[in-house]
Structure formats: C-alpha cells, structure tokens
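When the chains are written out, they are named A, B, C, D, E and F in that same order, and each has its own residue count from 1.
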Amino acid sequence: MIEGKKVLVVSAHAADYVWRSGGTIAKYIKHGAEVHVIVLSFGVRGESNDLWKKDGATYESVKAERFAETQAAAKILGIEHIEFWDLPDYPMAPALNEETRIRLVKKIREVAPNIIITHDKNGEDILNPDHNAVSRFVFECSIQANSNGVRIEGTRTTKQMRLFGFEPHQTELSKFVPNQLIDISEVYEQKVEAMKCFKAQKHLIEYYTQRAFLRGNHLRRISGNQTYQYGESFSSFFPVAGEELV
Amino acid sequence: MIEGKKVLVVSAHAADYVWRSGGTIAKYIKHGAEVHVIVLSFGVRGESNDLWKKDGATYESVKAERFAETQAAAKILGIEHIEFWDLPDYPMAPALNEETRIRLVKKIREVAPNIIITHDKNGEDILNPDHNAVSRFVFECSIQANSNGVRIEGTRTTKQMRLFGFEPHQTELSKFVPNQLIDISEVYEQKVEAMKCFKAQKHLIEYYTQRAFLRGNHLRRISGNQTYQYGESFSSFFPVAGEELV
Amino acid sequence: MIEGKKVLVVSAHAADYVWRSGGTIAKYIKHGAEVHVIVLSFGVRGESNDLWKKDGATYESVKAERFAETQAAAKILGIEHIEFWDLPDYPMAPALNEETRIRLVKKIREVAPNIIITHDKNGEDILNPDHNAVSRFVFECSIQANSNGVRIEGTRTTKQMRLFGFEPHQTELSKFVPNQLIDISEVYEQKVEAMKCFKAQKHLIEYYTQRAFLRGNHLRRISGNQTYQYGESFSSFFPVAGEELV
Amino acid sequence: MIEGKKVLVVSAHAADYVWRSGGTIAKYIKHGAEVHVIVLSFGVRGESNDLWKKDGATYESVKAERFAETQAAAKILGIEHIEFWDLPDYPMAPALNEETRIRLVKKIREVAPNIIITHDKNGEDILNPDHNAVSRFVFECSIQANSNGVRIEGTRTTKQMRLFGFEPHQTELSKFVPNQLIDISEVYEQKVEAMKCFKAQKHLIEYYTQRAFLRGNHLRRISGNQTYQYGESFSSFFPVAGEELV
Amino acid sequence: MIEGKKVLVVSAHAADYVWRSGGTIAKYIKHGAEVHVIVLSFGVRGESNDLWKKDGATYESVKAERFAETQAAAKILGIEHIEFWDLPDYPMAPALNEETRIRLVKKIREVAPNIIITHDKNGEDILNPDHNAVSRFVFECSIQANSNGVRIEGTRTTKQMRLFGFEPHQTELSKFVPNQLIDISEVYEQKVEAMKCFKAQKHLIEYYTQRAFLRGNHLRRISGNQTYQYGESFSSFFPVAGEELV
Amino acid sequence: MIEGKKVLVVSAHAADYVWRSGGTIAKYIKHGAEVHVIVLSFGVRGESNDLWKKDGATYESVKAERFAETQAAAKILGIEHIEFWDLPDYPMAPALNEETRIRLVKKIREVAPNIIITHDKNGEDILNPDHNAVSRFVFECSIQANSNGVRIEGTRTTKQMRLFGFEPHQTELSKFVPNQLIDISEVYEQKVEAMKCFKAQKHLIEYYTQRAFLRGNHLRRISGNQTYQYGESFSSFFPVAGEELV
C-alpha cells in the first residue's frame, strides 16, 4: 500500500528525478505517500548543453534557469519536500566527501524512508560517471544510517529500507535490467507536463514519453493486465523479502 | 493477497517440491490458495541413491517407496491436488516430448494458475541436468498455454501468469540468485514434518532445515521485519510488474 | 560499402524480419545489395493472437492472412527474393530437424551471403523460445555451410560470413546488448508502411515506430552525427575483424 | 602441504576473520603453518549494533568489549600473531590512505606470506561497503609488495603469493562463487568456541555453525569424500597454477 | 599426486585431445597415471578442411588419413588406451543419442576415472557447436554414472570424479576462463612431436606451440615459479574441494 | 578511412602503448592519421622489475632508461606527437587528481581526436590496478571534454569520439573480450623493432610477438580474409553506430 509510505529520492542532477521517476513520484504523492527529493546538483556542467548555447550564458545564468525549471517540474508533480544541495557536477565524485556523507546520513535518518530511489547500482551508466558515483554514495550512506554504531547527534538509527535504481538513458548499454515495472497511467499527463518545464531539452521530452509507452507495453505483456498504458522501470538493490510471491 | 490464488507446482522428482517449496505451498494452502502439484517422475534413477542400497531393491520397490513417501509429505503439507506422471528420470529430457508437452499445456490451461513454481531458469543446476531440462520445458509450455493460436480442443487460452524458480541444492554453484525471499515461519513445523517422510534422506532433512534458518536471517536483515524466522527463496522468471514498488 | 553485398535474413515468424530489420533491409536493397529472406513459419500458433479472435478463424484462414500481410510488407521493402518454408511454430524446435538442416545449409551455399541476419544468439528471448531455437539453428547451419567436409551435392562451400542478431521485443529482459546501431532515416517511411501491413497488430506498429526513434537518439549520441533520426540495432555474433577501428 | 606455509589474514572488522575463516586458520596453525592476522578496525560503528544497545555505551566501551572478544577468539584459534590497527569503520575507505598503504605493503613484505586471505574481490558484498574497499586495498598492496620498483627502506620484495576471498554474509546476493571448499571438521569445535566469544551476536554464531554444516554437505558431494563434515569456502583471486589438476 | 590416478579424456574430433591436452596427458602417463581416451568422431566433416582439398578426396580417404594421424599422435603421447567411436560430426548432436549415452555411462563406470577431461562447459565455443554438445553430453553421462539408481548390468556406480574443460580455439571469444594452469615443460617436446602428426594443419601446430608459450608466461607470473616454461589451461566444472587452499 | 583521422593514445606506463597498440599506431600513421600519445608515467615502480636488478639502480637511473627506451620505440613507430607526464605509478590513482583531470580534458580538446585508445574499461586487469584506474579516468575526462558546460578557458568542446581499450596482459583472466581485431601485417616488422627497444624485457617481446600471430589466426578465421597474418585486438567502449553493418 502506497498510503503512508515515506520515500526519499536522490537525484544527481536537476532533471534526473523527473525523466526517470516523475510518474512514480506523482503517483505516490497522489495516493498519500510522503515524498522527499534531494537534487544534488543543478547539472550546470554536465547536463545543460543546450543552455550553454545561448549567447552570454554563464555558470550563474545556466544555474538559475535549471533551478527555475526543476522547481516548476517539482510543483507539477506535487512534490512539497525538495532540497537543492548545489554540488558541482562533471565530475561530482570529489564533492561526495565526508561533509556530504554526514549530511546525507542525517537526512536519511530525518526522513526515515521506507524507500530510497536513486541511480542504478547494478549496471553502469555508459555515458554518465556522475550517476555511478551517486549510486554508490547513496547506497553507502543508507548502510551507515541503518547502523547503530554510526553516532550522529540528534539522529536516530533507521531501519533497513528498500532501495531502487533509476533506469538510465541508454538502458541496455548501461547493463540495466528492469526489476520492477510500475504502471504510471493515471499520472502520465502530469509527468509529461513536468517534463515540458525543461524547455531546452525537447528531444528528451519525446524520448521519455516514448519510453513510458514501451514500458507500458511490457507491463501489459508481463502482468496480463490490459489497463496498464504507461510505465516506468526500476532496478532493485535487494531481493523482495516478504509474505508472498509477487 | 494469497487467498483465491491458483498455484501450479511442477517438480522434476518426487521430493523436489518438498525440499524447495514445501513451506510456501503449505502457507499458500493455509491462507486459501488452490495449489496443484505435478510430480513428473519418482526420481527412481536419479534421486534414490539410499533406497537402492537396500538388499533386493528393484525399480518397482524403489518407486513404491518414493510414491508412499511423497504422498505422505503432500498430505502433511495439505496438498489436495497432486498428480504423478511417472516419467523416467536421469535423463528426463527424452521424456519431455511432444506428448508430454501437450499434456502439460492442457494441464496449465485446466488449472489456469496465477503462479507457476518449478525449477530455476536463470541459473544452471550444477549437478542435476534434469532440473534444467524441466525448467525450460515448463517455461515453454507456459508460453504455449498463453498463446491463442495453440489450439487444443477443450482448452481455453490462459493469461500470462507469473513463474518462479526453486532454489537448487548447491545455490551459488548453480548461479542461482534469490529474487524473492518468503517467510515460512508459521508453517515451518509442517515443512519439517513433511520432509521427515523421506526417511532415507536424513542428511537432506537437516540440510533444508538449516537453509530455512539462513534464509530467515536474510529475510530479517533485508526487510527489517524481526518476526521472520524461517524462509524459502525463489528466482523470478520475469520482473515485478504492477502498481507500486515492492 | 553496401553495394554488391549479399544478405540472407532468416525470420522465425512472418513479421519478425519487418519489425526488427525492415529498415536495414530496405536500405541495403536501395543501395544495391541483394537481399534474400527466408520466413520459416507464418507464426500461426505463436504470433497471431489477434487474428484468432476473429469469428470462425481456422489454421488455414489465419495462415492465409499472415501470408498476404507479409508478402505485402516484403513488396514495400523492395524484397525480391523471399521464401516461405511454412514450418510449424510454438514450438518450432521439433521442425528444425535433419531435413530442415540440409535445406538451410544448401540455401546458405546457394546465396553465399556476406551477411546473415537472424535472431539474437548472445541473449535469450524472455518470452519467445522459438527465437532462441532458430538463432542456434541458423548459426549451426552457417558453420556447416562453411565447412569443406560437409559434402552436399551441387553446392559449394561458403566462406565465413558475418552474423548479426535481431533486437528482441523485450530488449533488456532478453539480455540483448546492441552491438551495432544502424541509421535507417532515409527508409524510415518505407519501414512504417511495411509495418502497417500487419493490420491486426496496431500496438506493435506504434511500438516499433517509437523504438526506431529511441535508437535514433542513441545513434546521434554515440556517433556525434546529428543527421541520424531513426535506427535499428543488432547484436554481432563475432568481433569486427578488419583493417581499422570502427 | 600446510606445514611451513605462511598465511596473512586481513580482516576489515574485529570478527570477520573468525566467522569466515576461523576453521581454516585453526587448521593451518594446527598443522604447522605460521598465521598472521591484521584486524583493521574493531567494527565499532558498523558491526557492533547489539553492543550499542547497552545503557551508557560509548565508542570507548564498545571498542574495549570488541577488543576483549576478538582477543579471546584469537587465543582459542591458536593465533599468536595478531595486530589491531584500530582504523575507523563505516566508512573505512577514507582510512585506506597513503599511510595505511605503506604500512600494509611493509607488513606483507615482513611476513612474506604464501597465502593472503581477505574479503572477496570477485563479487560485491551487498550490505557491507567496507568489505569491498578492503578487498581492493589488500589486493593493490599485494601487487605493490611484489613489485621490485616499489622501494621501501628495510623491506624485501615479495614473490607472487596466492590470494583468497572470504565468503560474505549474504553469499549469492553478493555474487560470491565458492572456488575452494576446505574441510574444517577436525577443528570445528574450536571454531564454535571461538565464535562464542562474541556474546552479543548469538544469532551469528548459529548462522555460521549452520553454514559450516552446509559447506560440509557440498564438500562430500563434490569430492566424494564422506569423512568431510564441516567446511568453509573461499573465492580465489587467481587460477590454480601448478603441476597437476586439482 | 599423479601416480595411480585414472583419467578419461573425451574428445569430440580426432585432434582435439592433442591440441588441447596433449601435454597434460603425456605428463600424467609419464608419472604413472592410467589415461583413457575416447575419440568420438574423426572430424571428417568439420575439422578436415585441408584434407578435402586433395584431389579425389572421399569420406573414406579423409577418415583413413585422420585415423592414421591421430593414432600416431596417441603413440607419441604414450597413450595405450584409446577408442575411436566413429560418430558422425558437423553436427554431432544427433549422434549423442540413447545408445551413445548408455555406451558412455558404461565406459565411465568401466574406467572409474578420478578425472574426466572434455570440452569446456562454462563457456560456449564460438565456432564449434559440436564441442558444446559433447561437453553437455559427457557431463550428463558422468552424473548418471555416479547415480546408484541408473542400473546397467555389469557396471558399478562410480564415485563423483572431477571434470575439467579444454581451452577452446578462440579462448576469450568462447568465454573460456582458465581455472587451472598446468606446467607441461617436461613433456613439451613430446606434445610438439604429437601435433606434427597432423600434417595438413601446420598453422595449428604453430598456433598451439605459441599458446603453450603464453600459458607458460602466465604460469610463472601467477605461481612465482620461474621454472615453468610451457603450459596448458583448463576450466573446472566444480570448485576445488579438499584439505587445504591451493 | 584512416587518412585524416586524429587518434589520442593514453598509456599508463612507458611501454603499454607499444605492446598493446604499436602495430595499430604505426599503421594509422603510415596511412595518414595524426597520432598523439600521452605516457602518463615511466612505470618506474610498477613495470621496471628487471631494471631494478642492476647494481646501483636508482629511481632516476631507471627512469632515464625507460625514457630513452620509450622514445626510441616511439620513433620507430613514427610517432611525432608524444608527451611524458611523469606521474608516479604503483599506485597511480592518487595522481589522477583534479589537476591531472583538467590537464587531460584540455589535451583532449586540443587534439579533438576521432579515436581515443587507452586501457580496457569493460574488464578488469587481474594484475595491474593502475590500468583500471587510468581507464576510468580517461573515460571520465572524455565525457567532460565533450560537455558544453565544462568551461575551460581557451578550449572548445569536443564531439563524441570513439573509445577503444587495449588488450591486457592476461586476457581472459582480466575478462577482456576482443571486440575489434585489427590486421597489422604490413607494419608487423616495425612493431617488433619498436618492442626490441625495451631490452630488459626480452620475454615480453616474444610474448607479444606470439600474441600477434594468434590474433592473426583469429582475424583470418573470422573475416575469411587469408592475407591477414598478424593482429592486435581492442575492446570497444561503445557499440558501432553508423551507416551499415560491419
């Protein structure tokens, strides 16, 4: 049951969480989950190629534009809890240091999520090393947050939560294997609207629109449920562990 | 929800379904599922080493003993629907012919299961080629059962069901990766009693008892639910496809 | 250079070669290649679900419809050399016997192709066992065709040709890894028209239209060539072996 | 032959070497090997969850308890050469710096081991990033120790030794594949006694007791030697290279 | 210890056992092992390309030549026990039928080998499907030979033996991973002489000569033993299971 | 077409580019490509074992010798553009810092290569961690060089180039899979001469001479082109993306 679930989404760049999990986020919020999003960087260096083509573009102007876009998208998806950590990107790894580590462990303990969604851990993004670095980093911080002996004042140890990975841009080339296909039909229009906030990336809007259609096809084929029209897919860091076969 | 689910278990030999899924079967039955079991062979040639050590053992005497044992185990697990196809084993592949194929497609359509449980498809049993052959065979028959164009008089095309694989005896050596861990604590004693029916295989009873304990440890660790004590694990032929992340 | 190349496409069912390689076929023909297509079966049992829903559908009526559709598609793609072997499908493996083997070895030697395109060998089609069986079969026949000692009257041993695998329907779930991405922009409309011949499978037409768009995105991203709009992808049975890095 | 062999065990936390290789260590010592153990950290943060539940637990109190426990265990196993480097854990990676690197290269050269045993390199511990970091670190230090050009005053270049990896806690989920199964029957009681020193981790004692039983089953099945009762398993960083097939 | 060991080598074609294990065979015989070789086919169709180029070559003439060559090679290697089963090849799979199966199970029980060496099971020969078929077949027969319930008059159940796989021609392309590297320096000249019996395949003689040199380099590098000059490599079907780490 | 291509080779140590790509470099230069080589370190610590055996060897004396050798080799291969960055090795990872990163991004933009050749990214060098570190580093710098938002004064963003990986020393043990086999017959003698500059490593000269022969065998076998005599192999970081199947 979605209602009452707490979800923490950690996104390397400003738009990752929208392309890759915007539908699932909107659906969870619609059904009563509490969703928190951390945007680690604005992707000024690595994911704003088109914005830099404008005359007079500067680091600050690009950042401002990305900030505005991602806020608008978050609003459309219904996200109330979103933080922008404004780390540098390309490369992001050097910024995933001791300070950031403690900050994220604290945040995880503060939210105490049932679910963490971030970049895929099982595969390897073929064109975006930041995504790989963030995936490992979030995973390691989650382990620490769950460990009694990692003492940070004012925090409480979390219980083992579930972790899921975004589908990357080049799925098979990044060795991503979908482990969970989620129907997002009821919030599909919302996701499309949110994607449209990223005006300089029209080709990506079409790209992720079509991917949602393909995943919908797979959802119907595998579940036998013909009402599923659009989908998103995720990898799972752990096996399903529970009461029955799903 | 387990209640009302229809489950078809296809077991290569007489005891496979007990060692590998006895707890899950008992639990499903207890909670109102309809469970059907097909025992393809009695494992007279391949899995009755100890029975053959008795003086005067013959194919018929071994078979009779295996038959009695597996019936007793099935009864303890609460299984009402069980069939013994009495195929030869070691090797079983030659018996998985056109006739057996049609028989199994018919059976699948007759049961119309939500879930099929059989031998693991993703890995490769390191010491039991029969298991690999059965896994492929059941998978192929399920695809045919679901196909409108496979016309068999008196049958109705099934909808895509979910398929799960047994954990093999040598887990990692058989490249098995647990995809679903199922808590069987409430029926654990029942499973132990069922296993005890196979009197000539005492070492296996202890083996699978201890594995249930280990899987219980993994269940607690991964779910954070400390009430889980004993478990069974399965691979999944397909990704999870549904309404929410699990 | 495409001109003068001889290509043999072996398709398990009536539409596989269109969905999966229709653009590449049309492009090769347009640029002067000689393309031969073998359609092993009409997919009456396994890939005609929608046709069977018509009142009074029979094996013969479905087959006739598939035959008409695939001929129409072949014509649009410009294919002059096409054969229909009318093997049974679902399962197809039993029909890939000694007789079919000799027939295919002969055909390979008759065409003497530079390139064979068939179903993917490296992965495993998650929902279509026929495709896996055909892939292995074509591969083995190619090895035999190339072997001096496989004496078949009236044939000449072929030289080692290159083999490529179709992208399956569920790409990542079938462990397919694209090894070659081919731009089909100039013949894209032709492919769309050819796909439309399969009237009962509207959802597949949209599906493969969108996949061509996604592959176009990957082509641009990986090659840096912004004129590529639509693509198809293939696996390669062998490494590239030649004069320079490609 | 074990006699005269020199073995260096590098354990990330205070109890890893006991759970994972206590039997093999005891056996090697019993038969005349010289075994050195380095305990990199006390696992105060990452592997002392239960100790932190005591009222008034502090970093120092937990550490003292872990220290006492692991010393007692080492004594039972017969280990005479053991060092505690007291590095921080969770995360340990930042402490595996230049200083620690030189210290370990020196130590390897001082011991000049025939065998190094540490955490598994081939897989990836699904729940313990420290283990992965230590595995890579030990491997890299061993390469440097063997390299003539890595000049450290007062040390002599070592010859290529063999490296083996511990079986992790969640074997298959960590992609561990047992490459060497070692019979520990004759020292099994000793290992059990050593494990009992870790009083706060009763469930782990039972866990590793049962795993020894399972590995014993595999040992008998694979070797055909029915005297093997209990075992431990290891991965191998390198192929076997020698005089005959083993 | 090699002395007293019983080894069964099963070779798909007439020369496979020489190229791939000639050194290890000669070494085992030299040190007192009893080595049996079964040559399943003469490779007339699949591995005699050059012989077929002679004027007037016929199936019988090629076979006679292969027979003479392989007998000469066996003699040089010191092999006393060799059988030629004269199965057809390319494809060989159809000949690996019920009759051949019983014949091989009988033979395994008659020899009661400690070691079986045949084609690699873990990888997949990229250019020779016969090798893959034989590997699976020998493995399955060994399992049956070891099974008490597989009753064949006049035979005694064998104990679990060890199985090893040949290194194929295109090592990495066939996904072969060397698990055991064996020093063959002392019998290297003997192997070279044996290879020279296959007069029509000069390029292969040089090929396998150079591979022995490369494997010698790996042997020295991995073992640290500088006396190793030439080697052969094998995969292992099972983990090492024994008394100590090797 | 090779003519006019710009190639950047990044070599971890002084001789890597010669052993692993000397033939391809010489061929590209001969046919009109512009080849730039960066030698990151002289391999004084990690790859100069034999030089350190000389009496009185010092860091400076070894470095001078390596410098002289690699310059001589570069000259024989016809390389006009070569830089020596003189980073420390064993380990090299600490030197692949922010400063080196900017330096390499700048260099990539300055050269604007069509092709980058460096250490293999897909596998993992079993005995040389420096190679793995360099592979990841070069890959990440190439991504940054291609990104519009990575602003470095005086540089222009590059277009996506192709990346290829060297074949490592222990091919299969390092999980290397050859993706491209390149015929180097016409420059083979040149490569042999260049290798001979590394006087202290005679065994490697023979080793890489023989490997070229083996790769020549594979080239002929896979391409059917019998003129190929010697080869080198590379992995590919990306799929082929272009106009036709190759």
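Side notes on the structure shown:
In this section, a contact is a pair of C-beta atoms (placed from the backbone, for glycine too) under 8 Å apart; a residue touches a chain by one contact, two chains touch by 3 or more.
Since this is a predicted model, take the numbers as computed values, not measurements.
Counting only chains that touch, the fewest steps needed to get from subunit B to subunit E is 1.
The set of chains in contact with subunit C as well as subunit E comprises B, F. Touching subunit A and subunit E at once are the following chains: B, C, D, F. For B-E, the matching interface among the pairs E-F, D-E or C-E, defined by over half of the contact pairs being the same residue numbers, is C-E. The most distant chain from subunit E, with centres taken as the mean of CA atoms, is A. Rotating subunit E by 180 degrees superposes its CA atoms on those of subunit F, with the angle stated to the nearest 5.
The two sequence copies subunit A and subunit F touch through a face in which the numbers common to both fall below half of the numbers used overall. Centroid to centroid, with C-alpha atoms defining each point, subunit B and subunit C lie 37 Å apart.
Remark: subunit C and subunit D have CA centroids separated by 53 Å (rounded to whole angstrom). Multi-chain contact residues of subunit F, defined as those touching 2 or more other chains: 127, 173, 177-178, 218, 221, 238-239. A list of each chain pair in contact follows: A-B, A-C, A-D, A-F, B-C, B-D, B-E, C-E, C-F, D-E, D-F, E-F. Contact residues on subunit D toward subunit B in their complex (touch as defined above): 127, 170-173, 175-178, 203, 206-207, 210-211, 213-214, 217-218, 221.
Against subunit A, the residues of subunit D that register as touching in their complex are 43-49, 51-53, 59, 62, 90-91, 94, 126-129, 173. Taken together, the subunit F residues at the contact with subunit C in this complex read 1-2, 24, 27-28, 115, 117, 159-162, 164, 177-183, 218-219, 221-225, 228, 233-234, 238-246.
Across the interface of their complex, subunit A is touched by residues 98, 101, 136, 139-140, 143-144, 147-151, 237-239 of subunit F.
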